[in-house]
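My questions will all concern the structure given below.
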């Protein structure tokens, strides 16, 4: 029994064995079908014509996910730790909405929860070679969080002031019916999205909008600059070896001599 | 008395003591409520149904800000210097509009002044760890001001010429009713905002617009390049130690020998 | 005979002789005319008024391309290798649609295949000085493929979730008639294209859209950062000389001593 | 007489003396008024109500520019060289349209030529401190011209293919009435301008559009990367001193010893 459990653990939780890889690919396909199903269900022409088929497929997938979920609980060493882990909760939420749909009729908004099945994909990709690139990007974004926060904070202040000014200049008769709507317009403009659902119509409003757009030109460069600098930085080959002689704090990655005083650095630290 | 004054100064103007931090957080909440109030007041559905409530809250907040403003004047050593400082003026403008509203009826446009209360937030954030990131960004923007100015100057010239050409090509019947409007369109296009409130309709106009857009593609890269280079630059490890022998002006940050003549640099300068 | 063949080979396949260059320029002009023809044919006003002329020109160009294609087969040493090469297939597809048009009436969609003649341009530009710049760009894009893939994968997941949320918040009555349509809106917004064919109308929808746009601000910076870093990297002056003493793998381009142990590097390797 | 000429030359062509600076500022103001005049004339409400005033001002400015133009010819040493120089032609074109307007009635399109007066501004700014920043930017753009050309060439090919595909998929009934119009749409989308005057309406068209937009996401990063890399590069402190011993081609700007063989570099070259 214990041996079967060990083997199942390798198949379901790991991806080193051929069986484990096969399981991952099968699971990936089921997840993708499941997400496609949720999407198709939302298209009215399809959901009315193929209601029966969609229903059956949905229950089939829910069945597969339920068995998988119960298997995971049965196999894992610390079931409770799994159940309350990030993926444990996602796995649970993957099957919950369909069962709730049995009891509560017309639980329309549960569709969002079902789309969360998508997040299960991350578990499968956890072990591939793309992870390194992902980690590098995540690291760069994380390292620049303070600068990005300051930037977004500044943009929010700016957008509130611009939105208020435009509300006064253009007024409700040109679509700027309230300050929040003015702020929405300011965000749409500053980020260069520019729907055109609200756009300035008075010459003075268009003049202010022009200034905002040219400002947006310079402003959009800031996050790009921040993240580019951050992506370039991790390649800086530096370590934090402290020189035992002059206490100089950082050196080139493979340095054996202090760059300031020339003393031999502590090689054990590397 | 003097001791109370000293304590109040620490609470209101500084943020090192627990009481000072509490005061800052309380003030932050009042400012945010105040700004939210100004926004909600501009939404017609809300302002007609809850006129009474909004009125009371507005006076409550004005009262708090007035007391705070008078306290600041009373406590600070050089009251006049505070009154005419940037934050002193902002603090004054935060309470002024409500009082003016008592006398002048329908002072609609004073709403902009009330939104300036938002700027008081910067005082609170002045002392946090995000300031360093903010200063770095501000420094990068400031250092690149000459390049950004040249760039914007060039964009303005370009936009005037494009706007005039499009006014002639498309003409008033397709929305390009005047040169300023043509310039407005050119800005909307070159910055890739693209509202679509005015868009070229003749084949030749669309051809010119296509060229403008592809140009905009290359042009948008310029401010990004400038600011990225500037953000990367401050990490250049250089100092301004002048070599005592050959007077060479800049050296690597921790250099002990001149990079040109090899003389020992003045270590006291570092 | 063999000498004529050799000469023709030089003219048609190479660009070193004056005749070869002339052939390339003539071919370039024919290709451009051919593509312009396909475009003009699609404009209804032109295709109805000049049907006869367009027809004649199309057959003229097809004739030229057919002769060229047959010549290439006759001249090249390994005809089959040419026929099934990338350019061989493009050359074949350049003439096919016109002949099929003789048999099958109204083969409207073959126009796409005819536009593929455009790809023949790349053969002509293969030997110019712009190729180096192109190769550098291609190299930078290729080197960053893992990061770009991870980024696009992340964007797709994000866009599916945002699209689903907006479908629920805005609903079919505001244009978000299905989840795929919501996803289409999310892509239009996140990439800052912003057509405005679908745009949020409820205050809550506009609030979510605002967050998406500001997120898009930070997200658009990521590919820029990746590619900038990649373009800057090839200039890193490093070689792969292995130190004969300590086996340290990379050194500065012109280093003569190992940066780790100080041994003399193998100069023959450079 | 010669002395007056010399003095006038200094005032008109140079900017070192107080009088020269004053002349430049006066000229700048006249140019700006002149351009503003051209703009205002195009606004119908203004041009009908103030026809008389605009007429007088236009002749006043033309008079000033004519005198200035004749003075420049009289003063300069080689009049013909000035007349056929870039600024000489601009100066001539600045006054021409108004005189032509006397003879030819309704010469509407000459307005473009009058807007070229704007270019005269560059002469005034030629001698200011902003020039250095401008030159740096121009140099970066010029250095990256090969890469930018390749990039734009690639974008044009891509846009033609996408435009043709969309013309077939969406067809004239959804606004894609011809291939050139499809190409126009592809440019509007790929550059993230997104007017929304034409937008895909079939699900399949929206799917293709989504792919184009995500591609545009990665593509817009390329020119940014190119220009950023170019702006960062000129700061590389390198010269082209060839080592007299080992013929190594480039060294750090102030190097006195060869970085490869350690020989003394030729100091006279610096």
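Order of writing sets the labels: A, B, C and D. Residues in every chain begin at 1.
Just so it is clear, a residue touches a chain if its C-beta (ideal position, glycine included) is under 8 Å from a C-beta of that chain, and two chains touch if they have at least 3 such contacts.
Small disclaimer: the values here were computed from a predicted structure and weren't measured.
Between the contact lists of subunit A and subunit D, the overlap consists of B, C. For the pair subunit A and subunit B, the CA-based superposition corresponds to a rotation of 90 degrees in steps of 5.
For the pair subunit B and subunit D, the fraction of shared interface numbers is less than half, so the two copies use mostly different residues to meet. The equivalent interface to A-C, defined as the listed pair sharing over half of its contact pairs by residue number with it, is A-B out of A-D, A-B or B-C. For subunit C, the chain with the farthest CA centroid is B. Across the two candidate interfaces, C-D and B-C, the one carrying more C-beta contacts is C-D.
Our note on geometry: subunit C versus subunit D, Cα centroid distance of 29 Å, whole angstroms.
Taking the mean of the C-alpha atoms as each chain's centre, subunit B and subunit C sit 40 Å apart. Multi-chain contact residues, meaning those touching two or more other chains, occur in subunit C at positions 180, 183, 192-196, 220, 224, 226, 228, 232. Per the touch definition, subunit D reaches subunit B in the complex via residues 35, 38-39, 42-44, 108-109, 111-112, 115-116, 118-119, 121, 125, 129-130, 132-134, 136-137, 140-141, 148, 152, 155-156, 180-181, 183-184, 187-188, 191-197, 220, 223-224, 226-228, 230-232, 235, 252, 254, 256. Across the complex, subunit C is touched by residues 146-147, 149-151, 153-154, 157, 160-161, 164-165, 167-168, 172, 177-180, 183, 189, 192-196, 199, 201, 203, 206-207, 209-210, 213-214, 216-218, 220-222, 224-226, 228-229, 232-233, 248, 259-260 of subunit D. Interface residues of subunit D facing subunit A in the complex, by the touch rule stated above, are 192-196, 224, 228.
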